[in-house]
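Listed below are the structures to be examined.
In the two complexes that follow, subunit A is the common piece, with subunit B as its partner first and subunit C second.
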Partner chain A sequence: MTSRARRIGRLGIALAVAIFAACLLLSLALGPVSLSPAKLVGYLTAGPGAGGPGNTIFWDIRLPRVLLAFIVGASLSVAGVILQDLFLNPLTDPYVTGVSSGAALGATFGIVLHLAPLPWMTLLALAGGFATLGAVWVVARRRGRIDIYVLLLAGVTISYFVTAVISVLMIRAGQDMDAIIYWLLGSFNGRSWPEVEVALFALPFLAVPLFFTREMNILLQGEKRALELGVDVERAKRVLLFTAAALTAIAVSVSGVIGFVGLVVPHIVRLMVGPGHQPVLPIALLGGAAMMGIADLLSRTMVAPSELPVGVVTTFVGAPLFVYLLRRRRSGS
Partner chain B sequence: MSTTRIRRLTAVILLLAALALGVVALSACGSGDAAATTDASPSAGPITVSDDTGATVTLDQPAQKVVSIAPADTEIAYAIGGGSKMVGGTTYDDYPEEAKSLAKVGDFSNPSVEKIVSLEPDLVLAAGGIQAGLRSKLEKLGMQVFVVDPTTYDGVMEDITKLGQLMGLDANAAKVVDGMTTAKEKVQARVASLDRPATFIEVYSKPLMTAGKGTFIDDLVTLAGGSNIGAEAGAGFLNFSSEVLVKDDPAIYVAMAGSQSTPGAIAKRPGYSGLAAVKDSKVYVVEDNLIARPGPRLAQGLEQLAAMIHPEASPAP
Partner chain C sequence: MTHVALKDVTFAYDERPVLRHLTFALERGEFVGIVGPNGSGKSTLIDLIDGLQKPSSGEVLVSDRPTGAYRRLEMAREVALVPQHFDLGFDLSVREVVEMGSYCRDKDAVQCGDAGMTLARLGAAELEPRPFTELSGGERQLVVLAQALMQQAPLLLLDEPASALDVSHQLHLFDLLRELNRDGLTVLCILHDLNLALHYFDKLLVLSEGEVAAFGPPDDVLRPEIVEAVYGVRAYLHRHAGRTYLTFSPRLRGERKGRIHLVCGGGTGAGLMRELVDAGYDVSAGVLNALDTDEETGRELGLHMAVEAPFSPVGDEAHAENLELMRAADLVVVTAVPVSHGNARNLEAAREALAGGTPVWALDGLLENDFAGATEGLAGAGVRFFPDEAALTAAVAERRAAPAASVGLMGSAASEPPPKT
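So, the complex of A and B:
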């Protein structure tokens, strides 16, 4: 790595930390019921359960929701970085592995069977996600190694298949159809500490790829080259794939299927700091969190006291930003 | 010179247009004629009513074979004694019990046009919203479609009256409407002088959804003597901010059964413990179909809501 790239990387990380912190503060302070900074400090020092609607809003509704949005955003974004690089395919997002469809199927079963959202629906979603990963894995495994292209195709195909099953369930679900549709749309509304507790399991997985930056950089040059350079390619692939799938399954199980962040944030980060994973991974983590946080902030404030679906906001915010960066880069080079 | 040519041209165009119109009219009548001439009763003139979309529905005689593709419409038809005229319904029909055994034409969101045609109805009862596109399809096939899409309690009663006319069951319909009017007047007399407590209707929990202005749930809450919190968010069925819910602090919290919640689970939700409704144990679950279906059972829904919002003024159940 050249010193210039290193400097850009360091600058990028500093910038990302600053943006992350600013977004966190904004998300906590702003909302349909505005809480002034002085009040925020008051609530923080008073602790939860001190009484009063402001305190309840901060501790029971806003804080857990913001934390959840940040963790989900970070998870999807990191999963996106991993998968785009493993598949060497820029169109990849965390949902191509079929994990999200599997999770959606699990949740759909939960809804149809009228199980309470927590823990059953979340557990079913997690189980569905990992079961799908297992199926895709088995299809793609040949003589002890995972064929990345077969995995991609199997993921997409199984994803279609599972989606078709969901459609059938939806049609048969009658009056539960709405509930399934809302779940599929994705939202942080109504989520609180129990969901945050589930999402916390994503944190160790967020750290895993940071230990594999060297392998990921080499894998960008292709598996053959990586083998020649002495990388244990299969081990790296196994760990990284499982990590991405776990991140996706956890994210989807607590928030539904929220699009665009996992596709676009990794690209935005690479456009800004180049492909090296040392800076890309932490910046994508912070950037994904910040973008999801801001998207959820907009979703809860723009049409208050009603709300917009957060997936709509991520797309509205992300698409123009992405197009702008693509154009700028092309004219710059 | 040129004026005569223009005149001649106009005449030709008009003639062609008239011809085309005639052909269209003939072909449109062609299919209907055979059915109409078989047993047209000369004494009764055509029945004409306008439905909730503003469209005019005309029947030469009271409908004898009716297909309903909306469960609310099915309930109305049975309530006014039209059960024997029903030839088809949807898989959503669950009330009254007899409606369950109707020939099924599909479900509410996706009824089969072919199946409807095969039942040869002279009247199809539909709902608004997702069924709007279906209307033109059915009308092109020569069927009369009556859309029930009211937004108020009174609007439901009007629709019941109109359906009574279309099915030749005016007197029965009047009886049902009288019953609904009495229920409404009784409730209103009881709550007229009382405060209007802030009432929240939960349509769905994740995301939190409520009923805003222009829904008859809003109308029912108002009639039952409550003040609907959802109305501040806008019209229709809406997502609602849990933060604003805590700030507005509803005194009454009513969840629809479709939200898959129980009063106990609702009270335990994060942030809910401080709500007046939770502290006073005024969290209820109501059967969706009593307050969300524009049918005769709205009267029961209204009475239940009134008992939840103003238990002090309501007779013991």
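So, the complex of A and C:
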């Protein structure tokens, strides 16, 4: 990497850490009940169960919800980076693999069957997500190789199919329809520590691509060139695809299908620091988390005491920001 | 020492065979070009050597080890490939692109070359900080070559590295390859320009429909008959300024558009000869003096000619042969050749042909360069005059196209030419 690119990368990571910290603080402090930074420190040091309504709000509602939003945001945006670069397609988001549709189908079954959200709905969602991944994988596998374009098409096709099944279930669901729609839109409302515990399984998967930054850079030149340069392309694809799918499935199983973050955060990061993965992956991780945190903050404060679905907020915030960055970049170059 | 060996290699995509029973070996330090028509299997051959494809049958050995036994990382240390197409839609700097080449060398730091030094070796040091997407085609080719060199592999494969380059970049690239070869690299390079192949490489491998048509030193391999068999075009060898060159005409042999006899000399007929041959006519010429420019061109094109000794007037024997050639022709064309007593008999011959019913066409310039008074009355005798070669060749084409004109050119088109003497 040139020293200039390296400097921009370091600067970007430092900036991302700062934004991440600021957003974390804001998300924890603000809400229907605002908590001052001094109080936050107090609750943190006192630990859970120390008594008082503020402490209860912080430990039982605010903190788990914020943690969940951050983990889901990071997962979707890292999955977005992986898939956009593997498919060499800028329009890719974590949902093209069909994993999210499969997870949504699992959750919909849970709702229709009136199962408890935890563990059953989440387990069904995870099972649905991984089952879809398996199906897409089998279709795209030929002579020991994963054909990335077949995988993309199979993912989109299976998504449509699964969505049709969900529609049938919704029509038959009667009064459960609202619950399904709300779940599909995605939300962190009412999520607490059990969901966070599920989401923690995403953390190792968030770290995996950091060990594949060189391979991912080389894969930007296409699979054939990567083979020529000595990359074990099939292994890299297997690991990265599974990682992206796992991140997506885990995120969807605890929060529903939240759009736009996985599509737009990777682009925003690339526009700022270039396509090299050494800076892009950590910055996208931190940035995705921060963006989801702020989106959730807005979703619970803008129309308080009611809530906006967080997916609506991510789109409202992300779309104008993205357009602004695109325009600025064009005029700059 | 054998570097690469193919033993009875056959390769097929699905059922369609691309390479058939290929056997050849490359020694260490050789500088070899691969030529052959589109679709003859050149790129596939390179992919087989790099282990990107596995032979359907037979064996490909690199450094005495089957390519299937290499892991990709090991192969990248052994073989570097410069691909035909290199797309990168992302805004990486040249340095980042070049450094990707050292992926396979990551762990042994000693061998891990420096991107800046590698670019400098190719005379492209100034490209280092620039974004790859902003480079010209020639600059990109150098950067991709630098990327491949970062692999520090002893065998370099190149797939048409020069096809997108202008002549100066082409020569620069091949000079660089030659230099790399002198430093010990084995180089195997696909190219389309047969004249570059002729001048740069120690050996050439000619592929035709998936088989080795020839393999050896360029002069042995790129003989016109081999080029004609492989490419389906007519090929001519010319010697110029101490080098051998190939030129080509679309294949029209056997089409037999008719026979045209040229009266020319001193270079006045060379252009017409080539144009008429390329257009598919059987062309003869005479009488020409040996070593005359037109005589040399005619010889390179393989024309039937009546030839006289150098600097001698037209003798009886040559004159008789010339008359015979004219009789076999459907049309006689006289260029703006200067006429003196030495070659005045050629115009006598033309008059005779005219009298015998063969049309005679000539260029206006002929009358201006007549120093022997041999052209007098030609126009009155029925010779058709044209202001320039373009008008004349247009009339030749028209004559053939119009059905009414079949009297001369097409009617006797099937007549056999006399044996060449």
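A few remarks follow.
Just so we're on the same page, the second predicted complex is superposed on the first by the 333 of 333 C-alpha atoms of A that agree within 3 Å, B and C clash if a C-alpha of one lies under 4 Å from a C-alpha of the other, contacts with A are read in each partner's own complex, and residues count from 1 in each chain.
Note that in this section contacts are C-beta pairs under 8 Å (C-beta built on N, C-alpha and C of every residue); 3 or more make two chains touch, one makes a residue touch a chain.
For clarity, every value in this text was computed on a predicted model and none was experimentally measured.
Once both complexes are superposed on subunit A, the partners subunit B and subunit C fit side by side without clashing. In the superposition on chain A, contact of A:A14 is made with neither subunit B nor subunit C. In the superposition on chain A, contact of A:V33 is made with subunit B only, not with subunit C. With both structures placed on the common chain, the touch criterion links A:S187 to subunit B but leaves subunit C unconnected.
Applying the stated contact rule after C-alpha superposition, one finds that A:G230 touches subunit C and leaves subunit B untouched. More residues of subunit A lie in touch with B than with the remaining chain of the pair subunit B and subunit C.
In the superposition on chain A, contact is made by A:L88 with subunit C only, not with subunit B. When the two complexes are overlaid on their common chain A, residue A:E307 makes contact with subunit B while staying clear of subunit C. Superposed on chain A, the gap between subunit B and subunit C at their nearest CA atoms measures out to 41 angstrom in whole units. Residues 50, 52, 71-77, 80-81, 83, 86-93, 95-96, 99-101, 103-104, 106, 128-129, 147, 151 of subunit C are the ones touching subunit A in the complex. Across the complex, subunit A meets subunit C through its residues 1-2, 4-5, 88, 214-215, 217-218, 220-222, 224-225, 227-233, 274-276.
Taken together, the subunit B residues at the contact with subunit A in this complex read 91-92, 107, 109-110, 204-209, 212, 232-234, 238-244, 246-247, 249, 258, 260, 265, 269-271, 273-274, 288.
Residue ranges on subunit A touching subunit B, taken from their complex, read 31-33, 51-53, 56-57, 60-62, 64, 111, 114, 116-117, 171, 174-179, 182-183, 187, 189-194, 300, 303-309.
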